[in-house]
Amino acid sequence: MSSVMSASRQPIEYRDATSEVRAVYDDIMKTRQTNWVNNFWKVLAHDPPTLRRIWGNIKEVMGPGLLDPKIKELLYLAVSASNGCRYCIASHGAAARKQGMTDAQYSEVLAIVGLANETNRLVTALDVAVDPQFL
Amino acid sequence: MSSVMSASRQPIEYRDATSEVRAVYDDIMKTRQTNWVNNFWKVLAHDPPTLRRIWGNIKEVMGPGLLDPKIKELLYLAVSASNGCRYCIASHGAAARKQGMTDAQYSEVLAIVGLANETNRLVTALDVAVDPQFL
Amino acid sequence: MSSVMSASRQPIEYRDATSEVRAVYDDIMKTRQTNWVNNFWKVLAHDPPTLRRIWGNIKEVMGPGLLDPKIKELLYLAVSASNGCRYCIASHGAAARKQGMTDAQYSEVLAIVGLANETNRLVTALDVAVDPQFL
Amino acid sequence: MSSVMSASRQPIEYRDATSEVRAVYDDIMKTRQTNWVNNFWKVLAHDPPTLRRIWGNIKEVMGPGLLDPKIKELLYLAVSASNGCRYCIASHGAAARKQGMTDAQYSEVLAIVGLANETNRLVTALDVAVDPQFL
Amino acid sequence: MSSVMSASRQPIEYRDATSEVRAVYDDIMKTRQTNWVNNFWKVLAHDPPTLRRIWGNIKEVMGPGLLDPKIKELLYLAVSASNGCRYCIASHGAAARKQGMTDAQYSEVLAIVGLANETNRLVTALDVAVDPQFL
Amino acid sequence: MSSVMSASRQPIEYRDATSEVRAVYDDIMKTRQTNWVNNFWKVLAHDPPTLRRIWGNIKEVMGPGLLDPKIKELLYLAVSASNGCRYCIASHGAAARKQGMTDAQYSEVLAIVGLANETNRLVTALDVAVDPQFL
């Protein structure tokens, strides 16, 4: 009987994937104009409906919209940094780089993430009433 | 003896503030070009060194830098939404509005915050290995 | 059929409690040398085994030990503030007050809670390697 | 002087344990009908009262009750996955497997954990009022 | 200019909804066999693509699968309780009730959520190594 | 183009640091009366204004105040343990050791952190009303 952390959750490579999974991999590569798929999708591929569903969400939410693609990646990166998700920081950090994020801009993002986490706790602990001007 | 949630933590108005506290209030209003100070600062004013220190941090981190002021506010707002800090959402939401954030853009921010929280958990639970391409 | 937020979770007063629940209330009041029981216990009383179990844990962990009772309450308060649990801040804030925590000391506690939340995120996002000196 | 991460927190094996600690190990193995004890308990064993207390809690909460043992393990696993506790996912994942959780069922658990984290943030950020029907 | 917490985020009633939004409301009511829609959806309705997308996710993840519908609701409820999302506890608590969750079963769920949060922190702080048996 | 996790974030040693960064390193060593600087600062050094700002905050908040230095380190350690920041536990654990924290006292800290996380969730999920005595 396999563990939840076992080989049963190893990344599934394109050559080993079903046609259903390959179709998602193909769409990821086409959408991102790359020739490889990152591990997150290859691990999700053990559960094809979830692979398809999550990719559909990412494609819609992170696709063309009102905010600039770079801003969207910075937001995803900031939330991932705030949550301490190492893989997500690596993958969305790479995506933000691709959109032009510099080292110095990343430092600004992290400074904001850190400070927001500080003031969020102070505000909540102090139970500050929302100003009428904000309502 | 007062409670940690008592009147001793009510907002301190300008007219009731010491000159040390007024100096910070003045700098907040001058920097933001407003004629009022929001409750967060008025509650922090019970502890003037913390008021001065946190304002100094906000002024430096959220002041002119490499990222556009609007992007900075969107990042602060996204982290606050992810952390569920109602007051912070209200105050940084107002600041983002001031910088031009529309209703529809705010919807995009929230969609990213929500989705990042979903995928952050999936990635962490699945213990996905960082791709060499991201290192 | 009742809601999870319904009257079925209203505080159970001493006069309405079973002898099993009263025994816990009595022990709480005796241990704390008070003549009342706060709402947390009165709500837990809908599930007497949990009431008894959680009180047993609190009595053991927060009872006499190696750290001063005041320090213990400050630690409980700090974690509750970090987690944003309003009721817990109120109740453990009151307990800390009883142990002598002043307004100014509470401000120091909150400053530490806020700053730790900031640096915790920076450290995790930057994936800082533990120094050999710390191992 | 030892570090908080030093050898002083290495797992304590049965052969090296005091009789007080062995009694808990024996009860864990008897209750779980296994012939080994996992690292969590062996590390907690540096603090025998905490070892005894936490085991007592687990034994009571996770023991026979109203919900099926498998459901209980799925709930523990879901919360651990939501909190990103790698060890807890591994240990409660193994326990859930023992109760019959399949790979595909685990995928469903993770899908729920992920989606709940997404909608939890949306709901909180949008400050949605509780419907009267739910009260 | 409206606030992020303003009337622009008030629930949109069926009579005031566009046909695109009504189609989602209709599908929610048909799927759940109810004659009303709860506030979460009515607030999301300000952003129809997100309304449609999130409902699509919920319908797929919480629809018929391998785990019993009641178990699924208990899992959603447990994660929501762990995250402290009051609205989500109310709404998924109601859904779990509908599936047969009793008061006493809910108490068991909460006991597991609380204990998992305790041991998750102990395990992480103690940096416990995953046992080979779990890999 | 470098990754967010690349060599561009490796610790900057004193010999390789600019005079601006060295000035902060010197102040850290002087303040702490040590002859080395830990990795957190050496990684922050890629962004000198953040290095200076965060050190200024730590120096002020963790410097002499109303609470004993040992208590301050225990509070920082408790919050870091609650947040699961491994590096922070190691570094503030070492600082607390230096202030006299024993193994047994650390066990008490962790017991409080764990229990607070448990009761924080119970209280929030049960939506317990704050007692008038605490207001």
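A, B, C, D, E and F label the chains in the order they appear, each numbered from 1.
To be clear about the criterion, contacts are C-beta pairs under 8 Å (C-beta built on N, C-alpha and C of every residue); 3 or more make two chains touch, one makes a residue touch a chain.
From a predicted model like this one, the values you see are computed outputs, not experimental measurements.
Student: Could you run down the chains that neighbour subunit B and subunit F together?
Tutor: For subunit B paired with subunit F, the chains in contact with each are A, C, D, E, in label order.
Student: For subunit F, which other chain has the most distant CA centre?
Tutor: Most remote chain from subunit F, centroid-wise, comes out as E.
Student: Please indicate which chain is farthest from subunit C, where distance is taken between mean Cα coordinates of the chains.
Tutor: So the chain farthest away from subunit C turns out to be A.
Student: In terms of C-beta pairs in contact, which of B-E and C-D ranks higher?
Tutor: Of the two interfaces, B-E and C-D, more C-beta pairs touch across B-E.
Student: When the C-alpha atoms of subunit D and subunit E are each averaged to a single point, how far apart are the two points in Å?
Tutor: Averaging C-alpha atoms per chain gives centres 22 Å apart.
Student: How many angstrom lie between the CA centroids of subunit A and subunit C, rounded to a whole number?
Tutor: Subunit A and subunit C have C-alpha centres separated by 35 Å.
Student: Between subunit B and subunit C, tell me the centre distance in angstrom, where each centre is the average of that chain's C-alpha atoms.
Tutor: 27
Student: What are the residues of subunit C that contact at least two other chains?
Tutor: Counting only residues that touch two or more other chains, subunit C contributes 3, 5, 53-54, 57, 61, 82, 84-86, 89-90, 93-94, 104, 110-111, 113-115, 117-120, 122, 124, 126-127, 130, 134-135.
Student: So in the complex, which bits of subunit C are touching subunit B?
Tutor: Counting only subunit C, the residues touching subunit B are 77, 84, 89-90, 93-94, 96-97, 103-104, 106-107, 110-111, 114.
Student: Tell me, which parts of subunit F touch subunit B in their complex?
Tutor: Residues 3, 5-6, 49, 53, 57, 60-61, 130, 134-135.
Student: Please give the residue numbers of subunit F that touch subunit C in the complex, ascending.
Tutor: Contacts found on subunit F: 5, 9, 11, 36, 38-40, 43-44, 54, 57-58, 61-62, 65-67, 71-72, 74-76, 78-80, 82-83, 85-88, 90-91, 93-94, 102, 104-105, 108-109, 111-113, 115-120, 122-124, 126-131, 133-135.
Student: Quick one: which bits of subunit C touch subunit E in the complex? Just the residue numbers, please.
Tutor: Where subunit C meets subunit E, its residues are 1-5, 8, 46-47, 50, 53-54, 84-85.
Student: Under the stated contact criterion, what part of subunit A meets subunit C in this complex?
Tutor: Per the stated touch rule, the residues are 81-82, 84, 86, 89, 110, 113-115, 117-122, 124-127.
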